[in-house]
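Before we start, here is the structure in question, set down as structure tokens.
By letter and in written order, the chains are A, B, C, D and E; residue numbering begins at 1 in each of them.
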Amino acid sequence: EEPAEAPAETEAASSEPDAPAELTGTVTISGSTSVEKVGVALAEEFMALNSGVEVTYQGIGSSGGVKNAKDGTTIIGTASRNLKTEEKEWGLTEIELAYDGIAVIAHPDNGVEGLTMDQVKAIYIGEITNWSQVGGADAEIVVVSREDGSGTRGAFEEIVDFEDALKEGALIAEGNGNVQTTVAGNPLAIGYVSFTYINETVKPLLVDGVAPTVENVVSKEYGVSRPFMMVWMEENMTEASQAFVDFAMSPEGQDIVEEKGAIKAK
Amino acid sequence: MSRAIKDKLMYGIIGLSSAVTVGLLLWIIGFVFLNGFKLIDLDFLTSDFDSKTQYVSVKTMEDYSTDGNKLGINLELEEYEGNQYYVVKSIDDGSPARFAIVKGGEKYPVKVGDFIKKVGSENLENYSPSEVNSIINGMEEDIMTVKVTRPGEGILPMLVTTLEIILISLLVACPIGIFGAIYLTEYAKQGRLVKIIRFATESLAGIPSIIYGLFGMIFFVTLLKFDYSILSGALTLSIILLPVIIRQTEESLKAVPDSYREGSLGLGATKLQTIRKVVLPNAISGIIVAVILSIGRIVGESAALLLTAGTVAHIPKTVFNSGATLTVKAYTVAKEAGDIEMACAIGTVVIIMILILNALSKMITLVFNKSE
Amino acid sequence: MNKNTKFSVKDLDLYYGDFQALKKINIEMEKNEITALIGPSGCGKSTFIRTLNRMNDEIDGVRVEGKIELDEQDIYGDIDIIKLRSRVGMVFQKPNPFPMSIYDNVAYGPRAHGIKKKSILDELVEKSLKNAAIWDEVKDRLNKSALSVSGGQQQRICIARALAVEPEVLLMDEPTSALDPIATLKIEDLAVKLKEDYTIIMVTHNMQQAARISDKTAFFLMGELIEFDNTENIFSNPKNQKTEDYITGRFG
Amino acid sequence: MEMTNIKSGFNKWRTDSTDRPKDPKMKANKKRDFMEYIIEKMFLLNACVAVISVTAIALFVFYKGLQPFFAANHEGTYSLVDFLTGVEWRPNDDVSKAIYGIFYMIIGSLLATGGAIIIGLPIGLLTAVFISEIAPKPLKMVVKPAVELLAGIPSVIYGVFGLGVIVPKLMVISPQNKGQSLLAVIMVLAVMILPTVITISESAINTVPKSYKEGSLGLGASKIQTIFGVVIPAAKSGIMAGVVLGIGRAIGETMAVMLVAGNPIAGIPTSIWDPIRPLTTNIAMEMGYAFGLHQEMLFSTGVVLFVFIIILNLIMNRITTREGE
Amino acid sequence: MNKNTKFSVKDLDLYYGDFQALKKINIEMEKNEITALIGPSGCGKSTFIRTLNRMNDEIDGVRVEGKIELDEQDIYGDIDIIKLRSRVGMVFQKPNPFPMSIYDNVAYGPRAHGIKKKSILDELVEKSLKNAAIWDEVKDRLNKSALSVSGGQQQRICIARALAVEPEVLLMDEPTSALDPIATLKIEDLAVKLKEDYTIIMVTHNMQQAARISDKTAFFLMGELIEFDNTENIFSNPKNQKTEDYITGRFG
């Protein structure tokens, strides 16, 4: 034992900016896979600041998160889209955590660099089925979409305007990561993912000639974007959960949001 | 002679089929091991899955070497998930970083491989490698606050969760299954009730685990408000295990010769005495094998657990915490991140566990058979 | 009824479900005698002997009608089966020692009846093994598994085990059929000696054996008791043609 | 041999012991009998838990799953015919817009299962023959544990294997560049049912009386003739049981097929390259967030699955009772 | 060697692993005779009879030494076992018809040997069933399962099945021990009739049976051939004390 090495407890605590008073408990979060990277990073930092609190995040899709928040299965739900009319009736408290773009992606070897919004729609409803119809090689397009409860899919269908008209036979991948790996593994595939998931294994396509970048979303030039929401029922809220929400909306929290590739809410 | 040729041909086809079976196994195992092996080391088994960040307090030291710093740690810039961070490359012998503590006084020694993101209020990423040491050494405080991020990529939480779920499900299912089997073999007359019970256990065995998941999710998670938790998962699994345990236990009870029972009853022992002193001791190896088999089933289960225990990769503090077992995690990393390597690394661990369980049950049977 | 009568069986019928395995059996078996039961396979010998300590109760769907009296008490009345079975011991066709030590085998019965004191158990085990004429052969390895000795020795251990609960009657169902000739002779000698203190009822396939050691012989055929008499009479001068056919090897 | 004081030796016991076995009256021991009775009932209670569980699960699934087809359901209703014959699955919070047709999933599940059996049965059966009849001991000691290990590997790992090996390989040879397809599902399932088919066929073959084999060999039939002429026909019902269990495993498999099936929202598969959406994955994919009518429709999917399993169980019962006759 | 000798066994030893089940057996068995093999359980009768068509080859760890000649040809030499077995047919203790129709049972052997033509098969089946004295009882239900008839009929079907491959020798291992007395008599009569055309070697537990039908009797004890002689001599005037002890029921 080295008693001399032990600094005073108060010093350790006070050296930390805005350290809240001793919090304990578990903050359970579930929902959007698009929000997952942001959420996990926020959780990690929050736990570092509050060693008595455990924050867990389960990425199961936006609808799942909203429903779990309503049921109290997890305290907080996240969604990568606005609440639907029906969900709005549940009496959830909602807060916009961030904004995010949805990128249309293809295999890096694909010759097509960009599509118009109409082409994207035509591909997803099955009117265009061959890459040659959009300036690519003569090969069938393999359309990859998200599962039904996905916020990304909900937002994408709404923005591209083909609600409830996804073509038959489109591959359904669960989660952003799954779409990304499916497209990365198939030279003929097209898919869409949250900006936070883009990496060098896939090629983001220009939409109407605009590149999918944060700047273009902020400047409203890139149209395919949506909010990241956090929702909860007030009666389930704990002190720690409230502290987490507050932290997420604080400047430090918003820095983390930006660091992970999403767009600050404020 | 055509018979001889036909026979040869059939031998060939039979041999080929067996070769295909064994070949498939080798292929699968080979695929899993080759992809997974490079990730597996002691750290893999003992680290968290998510990276973990802590603010620690470190007392500075005065006599640091000229190219070192007050904290006694040597840092290098490395890229991680698209960002540049300083990583601890080595720690000096007398470094105070070895005695770092977190708020609350708990020890949290800095380790090689940790990311140091902040010292005091300075973000280290903002400085070049040549500046870093002088920035640190330029600070006045005797005690510095250091932001340490320890990378995860380990499976410790899943190991713990898996063990917990094994423990609880066995705790619930074993007594029920074993006692139930005792009733069926030792007491029940071959009447309607036995037929119903037998039909029920057989049906239970045939229900796909996704249906158990469906049930468990609505019943344990939502209705009983256990939420996504180890408990919900374990209870769902205990139902899955019941038929496995009942059937296996019944088999091993039936294997006890009736002559033992008659011998005991003929001496005026009661039924319970007979069961306790003669039947169970002779069936015990089979019952243990049943338990081992059910452990295998727990380790392998995914669909039912996904819907009841959730996917959180933290070491569970209580049974009401959500937790992913190894197999569930292998699924989620394959599915969501498309991280085949990680899935295979976890798969390797799982396959090794199954191998051990298989060998164990073989050994138990052998040892017990020999002693008889 | 003779005052020496141990078991008295009156109009005994036994059914396995719909199948009648014993038909109106009437027989009295006496103290300190060996009663041999003979008859072709499936004639009901085992079934009969197992009614005497109610071992058939353990089998599903068995129905017993009629009366069996042990010392004039109806054993199918409101009695404690456990106590009945400790008065009427049983030895089986295949030696069936439990897979435990010789000592534990013999002490099993007394322990089941609540005897815990080591000194009493020791004494009981020794007495029983001596009375079963096996003590000298196993006294140095009482802690060895009972399965490690030969079949004949196992059978005598089983007899010792039965003796240890101090029964009054010993039922033996073909006790020597799994044994070699020498072991068989040992068990036969033992039976003859034991009858001084016990009532012995023994099923046997081996007619020579019945002739050699029993006092009375009962001949069963298809669930019926065809003839019951002194052994001498049965073998030298059977009254029933079927008995004669059987003992001269005309069938079976 | 000393045999004289056989009775006196037990005198000590008689006086020391309270519960003497010697009791000429043989009065019933009420207390002990009651204890035995209680414990027996406790065992019975445990045995009944299995019954309770099945009943609870079945009731639960059927109750929730049949709701949508009754007019009084407050979550909304759906036509049973449309449900069973529909070829599109488009859940929607707006009940009037939602489409829940599972016919294409039933077809997908059946095709996948059938295909897996067609591939897996012969290989499995012949491997079982190899293990039980042909393999010399050392080889048997390799193949048998291999099959056991194959049985122990979690389905997720089969799925990962399918995703990592089978799907990319199929992508290369598929005319439409789709790796995730009916064929991928069939291949993964065929491997997965192998251990089931093998172990059950093997034990069925092992229970064929040796006398049949000897009878055939004694007539001068060769080993192969004996195996295919007598042994396999005699083991037929056991092998059928293996097939039925294999079907059960295939039709109920979830996680492995989810990774390789493609899971489209509509469309009856018309070729082995088309993606399918098996019943199980339909449940697994959407259960996490479904509520209201949508959730009930997932239970309805469960009901269909359940019905398949019940049919299989009945077939199984037939097989085993016929065997008993 | 007698010119009528069918089987000639010289210094035959057989080991199951380390256990020697047959010890230096020397015996010659003649054409058109019934040779009975008797002896207590476990003495090696079955083992011996199974060496004659190399059925023991199917058991792991069996080692055979010595020589067995069938018509002066060493059957453990370089011969085709399949052919040997079609010359030396076998009937087992428990009737073991295959679970298929009576017709298919009898046609099984010929089919295995490549006969496909229906007319030939029909003829063979009828002839064999007639020879096995069962034709009249089953001719109307040749397509019924062979398991649907009584045990005695099953055994005769098995004999017909063996006859259908037209063997020269019939080995029978306790062919009647699972049968009732009437069925037993039928099989015995059949055996006596068949010996006109075949060489019959029969294991039996029933000494009366051996005495009734066999020409020669061999007495085995613990793997050794103790005595082999005309049946009359063995039963009326055994040379060896052990034989006498056995046939007078002193043991076994």
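Before moving on, here are some points about what is shown:
The rule is short, and it goes like this: contacts are C-beta pairs under 8 Å (C-beta built on N, C-alpha and C of every residue); 3 or more make two chains touch, one makes a residue touch a chain.
None of these values were measured; they are calculated from a predicted model.
Number of steps on the shortest path from subunit A to subunit B, with steps defined by chain touch: 1.
Superposition of subunit C on subunit E using C-alpha atoms only gives a rotation of 175 degrees, nearest 5.
Farthest from subunit C in terms of Cα centroid separation is A. Summarising the inter-chain contacts, the pair of chains with the most C-beta pairs in contact is B-D.
Every chain gets a centre from its CA atoms, and the centre nearest the mean of all protein CA atoms is that of D. The chain with its Cα centre farthest from the Cα centre of subunit E is A. Rounded to whole angstrom units, the spacing between the C-alpha centres of subunit B and subunit E is 60.
With centres set at the average Cα position, the gap from subunit C to subunit D is 48 Å. One inter-chain figure worth recording: subunit A and subunit D are separated by 39 Å, centre to centre, where each centre is the mean of the chain's CA atoms. Mean C-alpha positions place subunit D and subunit E at a centre distance of 46 Å.
Shared contact sites, meaning residues of subunit C that touch two or more other chains, fall at 82-84, 86, 113, 165.
For subunit A, the set of residues touching two or more other chains reads 60, 174, 182, 185.
Shared interface positions of subunit D, defined as residues touching 2 or more other chains, are 21, 32, 222, 225, 258, 288.
Of all residues in subunit D, only 137, 209, 211-222, 225, 229-230, 233-234 touch subunit E in the complex they form. Contact residues on subunit E toward subunit D in their complex (touch as defined above): 53, 55, 58, 60, 82-86, 89-90, 92, 94, 96-100, 108-109, 111-113, 158, 161-162, 165.
The residues of subunit D lying in touch with subunit A in their complex are 88, 90-94, 97, 167-168, 171, 176-180, 258, 262-267, 274-275, 277, 285-286, 288-291. Residue ranges on subunit B touching subunit C, taken from their complex, read 189-190, 257, 259-270, 273, 277-278, 281-282, 372.
Chain contact summary for the complex, subunit A toward subunit B: residues 2, 4-7, 9, 11-13, 15-17, 19, 26, 28, 30, 33, 40, 44-45, 47-49, 51, 54, 56-60, 71-74, 174-178, 180-182, 184-185, 199, 259.
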